[in-house]
Amino acid sequence: MSEAATMFKPYSRPQMAKLAADDIPEGWYVNLGIGIPTAIADHVPLDREVIFHSENGVLGMGPAPEKDKIEPWLINAGKQYVTLRAGGSICHHADSFSMIRGGHLDLCVLGAFQVADNGDIANWATSENDTAPAVGGAMDLAAGAKRLWVLMDHTTKDGTPKLVNKCSYPLTAQRCVKRVYTNLAVIDVADIGFVVRQMSPGLSFEDLQARTEAKLHLPG
Amino acid sequence: MINKIVRSMADAMAGIKDGSTVLLAGFGSVGQPNQLIEGLIEQGARELTVAANNAGSGHVGLARLMELGRVRKIICSFPRSSDPVVFETLYRSGQIELEIVPQGTIAERMRAAGAGIPQFFTATGVGTKMAVGKEHREIDGRTYILENALKGDVGLVEAWEADRWGNLTYKLAGRNFNPVVAMASELSIVQTQHVRELGELDPDHIVTPGIFVDRVLHVPYGDPGSF
Amino acid sequence: MSEAATMFKPYSRPQMAKLAADDIPEGWYVNLGIGIPTAIADHVPLDREVIFHSENGVLGMGPAPEKDKIEPWLINAGKQYVTLRAGGSICHHADSFSMIRGGHLDLCVLGAFQVADNGDIANWATSENDTAPAVGGAMDLAAGAKRLWVLMDHTTKDGTPKLVNKCSYPLTAQRCVKRVYTNLAVIDVADIGFVVRQMSPGLSFEDLQARTEAKLHLPG
Amino acid sequence: MINKIVRSMADAMAGIKDGSTVLLAGFGSVGQPNQLIEGLIEQGARELTVAANNAGSGHVGLARLMELGRVRKIICSFPRSSDPVVFETLYRSGQIELEIVPQGTIAERMRAAGAGIPQFFTATGVGTKMAVGKEHREIDGRTYILENALKGDVGLVEAWEADRWGNLTYKLAGRNFNPVVAMASELSIVQTQHVRELGELDPDHIVTPGIFVDRVLHVPYGDPGSF
């Protein structure tokens, strides 16, 4: 890493979530993956109506409940207590996954271990020999939603790039990621590969490329 | 603010293209989106493929649409009706194509389209004319045939209640094909007897969630007529 | 036809319906085809709880409504007004046919043009070249129900047998009829073929055979 | 008089055989038939194949059933949980077989079993380890894999309300896998919070009709616990 690397300010988790949230237009049906993506909902104002879906048959989730107003029969796929907005509805698991697999969700945002510049995503197992990997609904969401965005750190803690030429971890789905929000940049996955839309303050394109295995492109 | 409720029939029908596949819900005249069918007649799209349980009756609704020469092909389980004169005339003179599909297979093909299942196996129709030309497979000692999803460019739906997010309920046998037509269609257009405030419909009682609905028109026509 | 043929008394339509009705035990889920089979319901007393299903998503039908108590939103597959018993429920068409195709109905009773002694049924078209045959839900019901019974006249009006060696009309489904109620007899479809359980009063086995194309067997 | 309501857990569990495939509904502890799982532990059937979304937590319920050596194979989408110690111990020592299935594919496989569809194509899992050894097919330019119906010999279900015909409703997220488990299982056993008189449940609001239900046990345990 170059000297300059110390000069930039990575996006915080809330900033990453806000960046993604600001890109979601009113009226979209959106599934937010377990973990960091869930925080995106906090950055969408209630008067911009975005309809959040959870795999376990909950459509139209609202903000997290206050502690003394928990409805014990209302949880999301991350098994957190949630609320239902006016207009929310309940369905069974097969109907819920019909929404996902039938291409009815405008957007899904997942976390990931790796994203390749052809849009491949690996987010469910860190080894071909993982003893008991847990896939949950990730493969359904990645393959089924109209568009898939990823929210993740740009590299692992030890600096290994997560935006790669080819995923080394087991795939979740092929050629489906459309955009990646990292702590360093917002990057589209286009036909030519990764196209940088925005970088964290103070970061140069060269610095970003140094932290990225796959080739980066500038727009236009 | 999301508002799927449109103010006019013209808004409800806007953009339906020639050559579209249109899925029509309804069984008998119960839960059948009659006013939307009239709207489609008015709208003018041609060369339509229409999937519905029946092939129209008398000279109104679907029969009228066919009589005007706007339907290239009909996919249905039961082309006969109390008065199938229009369909039979067109069919005998080779002016309309017919695909007969068992009723359960039509419903399941629509549901499959909505659920992202392009093809599935079924025992219905094995050993009959319906199986001719279809892929056969023996699974656990029984023979099945392969059927394709039936996706609509447009779906016409009748609901009992709707809200501005497009959540729907149905009344009794008015439910029939409506939920599968809504989920199978790229553009789902609903006529509803009642418009409710958002939040008025119980989340546990909503049958078609708004994710499957694009436009809602308030048509409080009352009870369906006799048959 | 022999002289004796004039001596017997065929079952009337209501008698045929009653014979079938008496064979339906409490607790069965039953679909009655459009036409004559519909009348079977009238012969099942309400306190023997049999749950009648109609293709259009109606489960738990009761007796026909009185004229001034018609619910215009409640019809059966024959498009007649019906009632719903306490315990009745409504579902959509795909769920309704899941009950049929998933093997959840204990019984379906259909009318037919022909039944062969291997259990084949032809009930939807009377010619290979029928201009626009109407199949409706018959193929789903015949292939899907746990057992299929047929209720029909023993011969056509001109005396042509309807219980045949091989159906000449287009099939509805293969090898699925388990029992046939005609105006002359009640006949099981067993591994060896047609087995006569009961004949109308005054009819001899030979007379019945004379009106039947396929070979008939006596039980045991 | 039809009466699917049984009076004891022993009656609810009667006849479950060794080697059965048991479908377990529930997602987290919401809508999970915990008392029926305890009943199954008590009942004693062995060599079970269990399909559920998770592989149990702590040392109770499904985890306890596994710990007692009664489960030969588990089919699930997410074997991890807050405390998956029992499953992980058994799995690492080769004492339990695991089939990982994407969550939507499990739900759809159960629904297919209930709907008479032995096999269907899906895009979920294409290009992943889930697709290894499965039939692939390109349909309209996209690749799909073939999945099999997942039928239960026994299904364990939790309902909010039930009547003596076995009609069920669910409460909010307690619905989850319950309706598909009920329709996919040869013997569907339900624990219900509330028993209603026949006719008390609105025909338009019944989610699982009694045709998919065999036995109902009244277990009014209250709200699900924390996770």
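Here are some notes:
The letters A, B, C and D name the chains in turn, as written, and every chain counts its residues from 1.
Keep in mind that, in the parts below, a contact is a pair of C-beta atoms (placed from the backbone, for glycine too) under 8 Å apart; a residue touches a chain by one contact, two chains touch by 3 or more.
For clarity, every value in this text was computed on a predicted model and none was experimentally measured.
Common neighbours of subunit C and subunit D, listed by label, are B.
The greater number of contacting C-beta pairs, out of the two interfaces B-C and A-B, is seen for B-C.
Subunit D has its Cα centroid 29 Å from the Cα centroid of subunit A. Rounded to whole angstrom, the centroid-to-centroid distance between subunit A and subunit B, based on C-alpha atoms, equals 36 Å. Averaged Cα coordinates give subunit A a centre that lies 56 Å from the centre of subunit C. Counting partner chains per residue, subunit A has residues 84, 90-91, 94, 97, 100-101, 144 touching two or more of them.
Residues of subunit D in contact with at least two other chains: 108, 111, 115-117, 122-123, 170-172, 175, 203-204, 207. This structure has the following touching chain pairs: A-B, A-D, B-C, B-D, C-D.
By the touch rule above, subunit A contacts subunit B in their complex via residues 26-27, 29, 47, 49, 51, 53, 59-60, 84-91, 94, 97-105, 144. Interface residues of subunit B facing subunit D in the complex, by the touch rule stated above, are 108, 112, 115-123, 137, 139-140, 142, 144, 169-172, 175, 203-205, 207.
By the touch criterion given at the top, residues 27-28, 30-31, 55, 77-80, 84, 87-88, 91-92, 98, 100-105, 107-108, 110-111, 122-130, 170-180, 207, 223-224, 227 of subunit D touch subunit A in their complex. On subunit D, the positions that touch subunit C within their shared complex are 1-2, 111, 113-117, 163-165, 167, 183, 197-199, 201, 203-204, 206, 209-212. Interface of subunit A with subunit D (complex): residues 55-58, 71-75, 77, 79, 84, 90-94, 96-97, 100-101, 120, 125, 128, 131-140, 143-144, 170-174.
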